[in-house]
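Labels run A, B, C and D following the written order; every chain starts at residue 1.
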Amino acid sequence: MGYTKPSQKQPPKDLPSSWTKEKLVNLVRSNGLSLSDQKLSGLSRFIGTLNSNDSISHEALLKALKKTSTDSQLAVNLLTGKVVIPSFVEFKKDFKEIFNQTKKIQGGRVADYIPQLQRFSSDAFAASICTVDGQQLHLGDSDQHFCVQSSCKPINYGLVLEEHGNQVVHRHVGHEPSGTMFNELSLNDQAIPHNPMINSGAIMCCSLIRPHLSMADRFDYVMETWQALSGNQKVNFNNAVYLSERQSSDRNFALAYFMREKGAFPAGVNIKSVLEFYFQCCSIETTAPQMSVIAATLANSGTCPLTDQVIFGPGTIKDTLSLMYSCGMYNFSGEFAFKIGLPAKSGVSGVIMIVVPGIMGICLWSPPLDSTGNSFKGLHFIRKLVDVYNIHTYDSIVSGNQHKKDILS
Amino acid sequence: MGYTKPSQKQPPKDLPSSWTKEKLVNLVRSNGLSLSDQKLSGLSRFIGTLNSNDSISHEALLKALKKTSTDSQLAVNLLTGKVVIPSFVEFKKDFKEIFNQTKKIQGGRVADYIPQLQRFSSDAFAASICTVDGQQLHLGDSDQHFCVQSSCKPINYGLVLEEHGNQVVHRHVGHEPSGTMFNELSLNDQAIPHNPMINSGAIMCCSLIRPHLSMADRFDYVMETWQALSGNQKVNFNNAVYLSERQSSDRNFALAYFMREKGAFPAGVNIKSVLEFYFQCCSIETTAPQMSVIAATLANSGTCPLTDQVIFGPGTIKDTLSLMYSCGMYNFSGEFAFKIGLPAKSGVSGVIMIVVPGIMGICLWSPPLDSTGNSFKGLHFIRKLVDVYNIHTYDSIVSGNQHKKDILS
Amino acid sequence: MGYTKPSQKQPPKDLPSSWTKEKLVNLVRSNGLSLSDQKLSGLSRFIGTLNSNDSISHEALLKALKKTSTDSQLAVNLLTGKVVIPSFVEFKKDFKEIFNQTKKIQGGRVADYIPQLQRFSSDAFAASICTVDGQQLHLGDSDQHFCVQSSCKPINYGLVLEEHGNQVVHRHVGHEPSGTMFNELSLNDQAIPHNPMINSGAIMCCSLIRPHLSMADRFDYVMETWQALSGNQKVNFNNAVYLSERQSSDRNFALAYFMREKGAFPAGVNIKSVLEFYFQCCSIETTAPQMSVIAATLANSGTCPLTDQVIFGPGTIKDTLSLMYSCGMYNFSGEFAFKIGLPAKSGVSGVIMIVVPGIMGICLWSPPLDSTGNSFKGLHFIRKLVDVYNIHTYDSIVSGNQHKKDILS
Amino acid sequence: MGYTKPSQKQPPKDLPSSWTKEKLVNLVRSNGLSLSDQKLSGLSRFIGTLNSNDSISHEALLKALKKTSTDSQLAVNLLTGKVVIPSFVEFKKDFKEIFNQTKKIQGGRVADYIPQLQRFSSDAFAASICTVDGQQLHLGDSDQHFCVQSSCKPINYGLVLEEHGNQVVHRHVGHEPSGTMFNELSLNDQAIPHNPMINSGAIMCCSLIRPHLSMADRFDYVMETWQALSGNQKVNFNNAVYLSERQSSDRNFALAYFMREKGAFPAGVNIKSVLEFYFQCCSIETTAPQMSVIAATLANSGTCPLTDQVIFGPGTIKDTLSLMYSCGMYNFSGEFAFKIGLPAKSGVSGVIMIVVPGIMGICLWSPPLDSTGNSFKGLHFIRKLVDVYNIHTYDSIVSGNQHKKDILS
């Protein structure tokens, strides 16, 4: 379902009536896709059968592709202008412009509570998207690795929802914003953390991830999830960051002891192990392109758009996006929800993972943070993007806002 | 745009291939519409030309209606199964069942801080909906009048957004939840009220409504807005409630003086006048059917579905729904957002106005309140409805939740 | 009783074995007394009988004075070195030195929330003491009048204790510090003001002062008390300050409405009248010498040392000093209690009234305030005085602190 | 010095003009003293020289004792009615009456967070005093040992004041009440604990006690101090309590990590060691008589009245009593200061140590605690004692309260 009348997507007028190998390759590329994409294997095979001079009519091509059954749906959509961002070329142009403009601005400060974070260049900047159809666009420092830090929180929350169900999980962690001025050491009035997107709640989630396995197996399980979420790409682990985090962990130890004293944890929890597990999750390393695929998996109701693998169910995604929307951006969450209106989670490494449900995942990464602990360039970029495209949650459910471009048409 | 693939709405299979007067009248009624509806005037006129024995084929009927141009779009949609809730009969059955079940439960306490509220029967219960196509359904005590109380807050917020624009308004009132345990007398860190849905913020909005007019003209302007929002139905004013509210206004006077001391008000505000204006807005009286139309106007991006009159622009609706979503249900707002996931506003008279964006407005009214100050029966009803239909905001943006009925199909 | 062994006060060695008129006049003056003092009338009359050449032995003089019965006790004490500060000459020297040193320092800012306060010179400075034997010392701007402001709070608290008794009063106002970081609009957990030394508590006390009289009679009663406390000296009223205070009273109106909403007031209170009464009490005008006598009356268990009139009973003084000790210096109260260790009350006019129980009252006045709202010079002065003399409450109850001078010897 | 006129202590009228051995022994005993007291050795020796039939005149006896120089001052005071509580027989009668009355009342609950505390009988009750002259009175379960728990806090605070001085210590811990509703995990606005009488402040003090010594030597040093304070009586250590405390230490670990994160500790602190040290201090075991001597040492400016050994200097005692007065009774501190008006410290074992400066130390012990965590019977007892005797701090500095007995006469 959707809140609005179906937009009638006509096949783009500039589609040729007949196709050559070159035209097909260009079509794929200009839509942010690649012939090596798993979901274009049917088209790829077909192109492999063409000679460079061959020409085939639009209708014949569609017919041929439909024959190859399951693995050609994306190709058919592409040829009929039905991918999620049909005007990808224009979108790419807008995205680049905002990227170049944002790259120039200065502001914020690189986090320095551990030396490993401090060493990042304050000029580093990457912006990536991946749509629910697998259309991708990556600008800037796409090959740089950074730690996921707090952006591990929604993933761990998703894992425990899948494992225990909503009811059990929320006996140990709340589902509401904590209020911007709340003492960071407080719990809610049921004596549990306010939500899974703050440190106390994230530690709580860690305590719930496969508690009966060995620490090694628990961590393996988390890593496998990250890999599946990012389309079976390898994610790394930054051991130096982990060791540093463990060194500067007084706050988190305080939180954990406080929660155990209040009986918030499940029985039998070992604080040291849980915290080490939490620091390990924070020290997982990805790139902006990988994070955009992970965000796209969330945008796609838990199914990875590159592999069609189901990692999380729709119920898990519903709860996760709901709490990313209200609590994902530290003290800036309320203003972010009002002005940007998208589920997101930021991390102290300068990463912001943003979900445009049903459409795409976005990853912005730039180390300098503003006073709310969110990436300075990242916030600037997403503000500009929301100015141009109608992707704010309440843009989409309110029709008729004519000042913005419709991303779906 | 919408986050999901367009749902293919086939004309209901049970539509006859030829129509009689009786069949047409039945079609209208079973879809929650009436031949006296302004937007069905074309169809109504056509039916007036039919004799009771006449029969006309589906195609001929559609052709005839399309000729009558502008005022037949709704009729055409109706005949092709394209109204927003196409399975209205089934929906009505589900709605009634939930209503009857809810009617039996007991709980909550009628507000008693003023005698006028206390006199309401604790058995009174009404549930109404109006869709963005004007489909209506009203159960229970539909003709009882009650005061709007706090449900005037989003309307007043909408008025000042239209008058001054988002930027000016939010210099005087914030846009974030206040945190559930916050002292009710506190302001946010810019020394303004946390949001327009709490008393201090609502008083602030009152101070911004046409401040240069006389109090009489300001109140007229608000009343006219309420009438337009409800499709040009008359709304009443309960003077006894107003006088009682004014009697028991210490808290609100405290809030107003506190805000003036902090410089939160615009220059030149007269506290007594503003508070009397606020109490008057709270003492406006409507019925559940009227409130459902008002909510439907919000659901329909600010255009009344019964009259097509534009009362608020989409930008105003976007901001209003956004804050109803995060702050509209007192201390229960966080949990309501997580579990029900819809913009709503409740009042101490037992009213809850709920907006299902793009689909419908809902009004639930039952005087006994639970400990969070929200209607006990009202909350029970909406919980059940969200269990059955996929109308939670994050239901709609997450596809594939197969346990719920799709309200749009 | 006293916590320490009686100090053996020997008649000062420098007392002559025979007296002349001149020697007696000098003795009186050098001890901070005057022959016009009511309590030296016996001595004064005796001196009136002497010729300038007359000489009388010490023993004969004592004998003669004792004959004149009741009104010569102070004279006898003076001649036997038993006044409360026996080494008054040395004390005067130390006091002047601290005064001159303090006069030079710069710091703080004159309060400017009403223009009448702002007009005071930031150089104005007065320091006065009066002992329980009526010994006085006045330095600096002794003839300048200033408003008592918050220093009316302990006096009003004393009045209601006398009128209603401890039990009734503390149903309406608490008796504990409020905690330095507490929101100024909060009440304690019984929903009453934390103590009588903060605004809300002072407003509460005003509501309890002879509530059945007319406002005029209530204010007369307060003025008469101030005059009695200061030894029947006339106190003034600054109407301009009163009118200004009433103008800038939003905070206090907020407090009063908040308290009425919580049911903190006695029944039937009229907020506007009570606040006007409170502002009037704050606008009473005195001088530093007068205030030192008032403080001396508190130090002397409620009996004015100049007139022997009993204004407050010992029980009232006990409670009043107890709360001045813990709550009298705004947010600085905790540190003042720890470091200075004396009951005190400051006001925004730059006044600090300090009680050294059983010994003397001190008034320090200098308009510039530090960030805690207390007189900058006033705090500096009293710190220095406590460095030199053992007048800290816990100096006196701890024996053997040899680094300080004993004020009683 | 003292705030009041010296009370003229006449030798009790009932003193005989001549003494026998028996009369002297009776005099000693009826004043709460014993001939084995170190400070009565002179008298004891003299009595040893008497035969049971010998009679000696008052004057001759005084003369004889004065010859024996230093060790007869207490005996002389005794014979001239100059001990601190001269009417000890009457005081003993009153004290017993209050004890017997208090013994009967029921209320409170024995602490049960560790099993070792829970095992105490809820009927156990002991009340002991020791004056600054060594007069003692012990009622009830005087031989039962209990852990000092939080009553170790003022002792440890005293130790670090002696070691580092006031200035250094208060860089790490504040000197003000924390406010009754403050979150127990908060620090003051300098990010240090509010005062040394709450857990966080006590842990801080532990970190400052001879930090360069081994843990064993640090604990020895504390134990030696306790023994000296109690007149060289052996104090015990309850290892079972220590082990239990260590088991249930989550709150204290949370506090310690929180403080380390905020940089509150001195450099190089090891959290585990400091907490173990703190738990050990809490597990020291004494009896009510011993605790009354310790309190008497504080009352006597830091010099043990039984041994004349100086353990703390007057400056240390001044600061310690000041903070016991304002912060020693948990959330009841404010009310205790107002109503009882004495420096005190309570512990979860049911102990209350009370200091009447210059006069005596009191220990009350009874395991059931009221809702503020203070001994139910202990509070009842001290309330009654303060009703009868003028020992409230502001009793003593206000003269003329005729409804109470003067303990010094």
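Basically, a residue touches a chain if its C-beta (ideal position, glycine included) is under 8 Å from a C-beta of that chain, and two chains touch if they have at least 3 such contacts.
None of the values given here were measured: they were computed from a predicted structure.
Visitor: What is the graph distance from chain B to chain D, where chains are linked when they touch?
Guide: 2
Visitor: From the centre of chain B, which other chain's Cα mean sits the farthest off?
Guide: If we average the C-alpha coordinates per chain, D ends up farthest from chain B.
Visitor: Would you mind pulling out the distance in Å between where the CA atoms of chain B average out and where those of chain C do?
Guide: 63
Visitor: How many Å are there between the centre of chain A and the centre of chain B, using C-alpha atoms for each centre?
Guide: The mean C-alpha positions of chain A and chain B differ by 34 Å.
Visitor: Provide the C-alpha centroid distance between chain A and chain C, rounded to the nearest whole angstrom.
Guide: 68
Visitor: What are the residues of chain B that contact at least two other chains?
Guide: None at all.
Visitor: Specify the contact topology among the chains shown, as one of line, ring, star, complete or other.
Guide: Shape = ring; chains linked end to end, path closes on itself.
Visitor: Using the touch definition from the top, list the residues of chain D that touch chain C in their complex.
Guide: Interface residues on chain D, with respect to chain C: 1-7, 174-182, 188-189, 301, 314-315, 317-319, 321-323, 326, 334-335, 337-338, 341, 357-359, 390, 392-401, 406-409.
Visitor: Considering only the defined contacts, which chain D positions touch chain A in the complex?
Guide: My answer: residues 183, 185-186, 250-251, 253-258, 260-261.
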